[in-house]
């Protein structure tokens, strides 16, 4: 921990009744915590997926104009949401790491990337599948589609860059530049349908106005979205534990842990 | 502030002039593309006219993509980059100076040459104007974004591919807006929207890139 | 004799693998060209099909032209080239080894990838075969000729442009035969004559280039 | 002026040194010694802020160098292994450009004088690519002659490739700087006698783990 | 073995030396001295056949070197200013590849032994880009340890960047080679004592025009 972190953490722990948040910023305390959290997300994920898929395919009615092809929405929209949120989370962890020089935040970011990339790919894939019946084309150069594609490349670029560097500290920080600079793409994706009048659907779920779709459809979509959240968190925790072990293999706490649990 | 910017630009221009290559490679590249395509594709005027904006924009993009890799390479190898990081002047300004000089040397000739090549491809007057304008807005953005990539991949094994992977996604929209502007103008739709988008990309690249590049350079040297 | 050839090829391939860039840059370049053109030009299938041989051949030529400049540059800068000139083995063989490795790394992937890109451009089956064949014959010739230019311009100010000026005249006929072969096949005229000319160019380049390059290298170092 | 506190350096997964501390006052000379690959260059680069230490802190006039980058750079001159000499520029251009980029303006006359003093008067206009190894090194070192107001000099093997006369001249320049109250940190594998008000020697090898 | 006859060297429009002659027999050591830029490197490159003399002739075993290039190269080993070390290769790969390209085959064991002797045993597999300056120089010099059958060694500033231990080792290697009947031509600005059956010193500056 560098000095600025220490200063801040001292201040935090000095606050009466406060918890020492920075305790969890060190890998050796976070590792077991993550281990305990994983099942709390993995099982619900499984359950929610099961319920969500059931609702989407058997309960929700066939759409009047699109027929059954609209059911792609139940995967498409959660995937698209996760793709954006995970990127923002990555950028957040990277920014934290750059400011406080904490190893764990970079590891979190690296653990998030593959999951984010998969969701992005799914959003693109399902979108393309959906585009064929509705727009008559797999792909158009619409602003949302383009920016979502860029998001995929940003994920891939981030992972490739991190993988290409031998020195983990350089990898962390160089990757952080990509993650943070690339974050401007996310609002572009989100608002693209509003800023440019294009083929892709506008927002139909929003906090401020009543939803424009049948509530059972909305239900299915929200359940699937929750499932996606739970799944992502579980997988990322598993991955971050693996990354921790690999990167900290030379430290005492890993050695101790491996001793205790042969 | 301005002093260092001008000093770096002057330095890099002089260097480019001494090397000459860099000034002319893009020009030569551009002329080659414009003369080889008719050779390769065949001389049908209509076909050539439809291709022209795409061909010119793609070659501008490729010229940048291929040369921007080496934006910091020479300075890195001979120790000058270290000295730049140790300057009392702000690094983002030095970076901006280098990118500006790079654009003057590779981007500007392209913008100036484009009308000529446009004529060669038999583009209509109006489209040529839009082409130049779109290149004038787009190529600086390409250079600025390329700078980030070049700094991130400095001294890496396989830097070139990584660079392409990192910045190509950012280049594609610029290509689409740029070639789209010319196409829209030719189709009588008006290029305004496309040009606005290009301008916005340029401005945001200008706002972000020097800082991001400077950060990446410090990281690369550490 | 054969030993040194293989040793040099192995060395340069390992180096290329370590740098990775070089292996993939051409591939990436090629893929980029083939994917950007449709973006820039617009997605009309007919237009794309007519352009395809020209686009692919021009991009092969550009890829070679841009990368061959650096064929000897790294070895020159770090002193390895000196050591090669001091080898007990014949220099033309070493040169041939270097050019072969260069072709394996930049030319071959291109030849292998061309059919895929041809499909993307919706070329007919037969034309794709001719395209691959023409590239398989043409790209080694491009590499061999490029080697002479690279050696002649080694360490010169403005080497790149000079190189382009020196070897472009030699490249143009190869481009015309190559793209011509595909065009002729598509037009149902038979590509035989063009391919024969390509083959002849390749063989004469093979016969002359290693000696000329070796001589140029000795001159460049003196 | 310069305080180094419990510095560690790690390259790849090798720890080069740890727990390295020292203080340097104005007018003192620090010779960083150590075998090839012991981490001298790495240490000097850390002192310049070009490399992040694995642990520990470096303070200049009491403040961490990372929190006052531009001020610190204004008081620092670093000559590394690499000469930072551009093949395409003449010695004259190289020197003036280097100073401009560093943020110090230097007139043509000053540059001329420095290059003359370091023995390049007859090669002022020749492209650096044609210079001999020692002449290139001299171009890099000419910056020292224009930096008498810069308090801290960090020199990585400044004597390599120099002939006896140039080594003498450089030694003289360093001694003058020390007398002026400046400090110098340098490495070398050669035997060069330097006189200094206070002379310290630091063997990086002493801080290598086990 | 080596005879040099009335050699002149011109770079640009400057004559560096003229009328330079000497003979070198087996078992003798030639120290080429001279100020920075006096033409030492140019002379050594001429002796290797890498540069054309302006006038004069160089003969090896009685025949001009240009008329027997490949035979001569088989009996010559040159280590220049530049290390000819590839950043992308490990020391091991660098050494083996350099030998292969020079036309000498070297087994992995021999290479291992040479690198071990020169003090790189713990960095065998590290990319040369990460090596310190002295370690890079050692990689280049490891070729000497595998070249005891090569009669003529030409070494341009072999001692730069080396620490004291490595300088000693290199001096030892050179002396062994001389005792074996080989000859060595070298330049250096450092004070290194070398013992040799016959020792010659040639100051290039003595042959500079006026």
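When the chains are written out, they are named A, B, C, D and E in that same order, and each has its own residue count from 1.
Basically, a residue touches a chain if its C-beta (ideal position, glycine included) is under 8 Å from a C-beta of that chain, and two chains touch if they have at least 3 such contacts.
What you are looking at is a predicted structure, and each value in this text was computed from that prediction instead of being measured.
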| item | value |
| --- | --- |
| Chains in simultaneous contact with chain A and chain B | D |
| Homomeric contact chain B-chain C: same or different residue positions, threshold half | same |
| Longest centre-to-centre distance from chain A, chain (CA-based) | E |
| Chain pair, most C-beta pairs within the contact cut-off | B-C |
| Centre-most chain [mean C-alpha coordinates] | B |
| Whole-Å gap between the CA centroids of chain B and chain C | 25 |
| Approximate Å spacing (C-alpha centroids) for the pair chain C, chain D | 45 |
| Chain C-chain E separation of Cα centroids, rounded to whole Å | 37 |
| Interface hub residues of chain E, defined as touching at least two other chains | 81, 88 |
| Residues within chain A bordering two or more other chains | 141, 169 |
| Set of chain C residues in contact with two or more other chains | 18-19, 39, 157 |
| Residues of chain A touching chain B in the complex | 141, 146-147, 149-150, 153-154, 156-157, 160-161, 164-165, 169-170, 173-174, 177-178, 180-181, 184 |
| Sites on chain B touched by chain C in the complex | 18-22, 24-25, 28-29, 32-33, 36-37, 39-42, 47, 50-51, 53-55, 57-58, 61-62, 65-66, 157-161, 164-165, 168, 172, 175-176, 179, 183 |
| Residue ranges of chain E touching chain D (in the complex, touch as defined) | 11-12, 34-37, 40-41, 81, 119, 123, 126, 130-135, 138, 157, 160-167, 189-191 |
| Touching residues (chain side chain E, partner chain C) in the complex | 48-52, 70-71, 73-74, 76, 78, 80-89, 93, 97-98, 100-105 |
| Touch list for chain A against partner chain D, complex | 3, 166-167, 169, 250 |
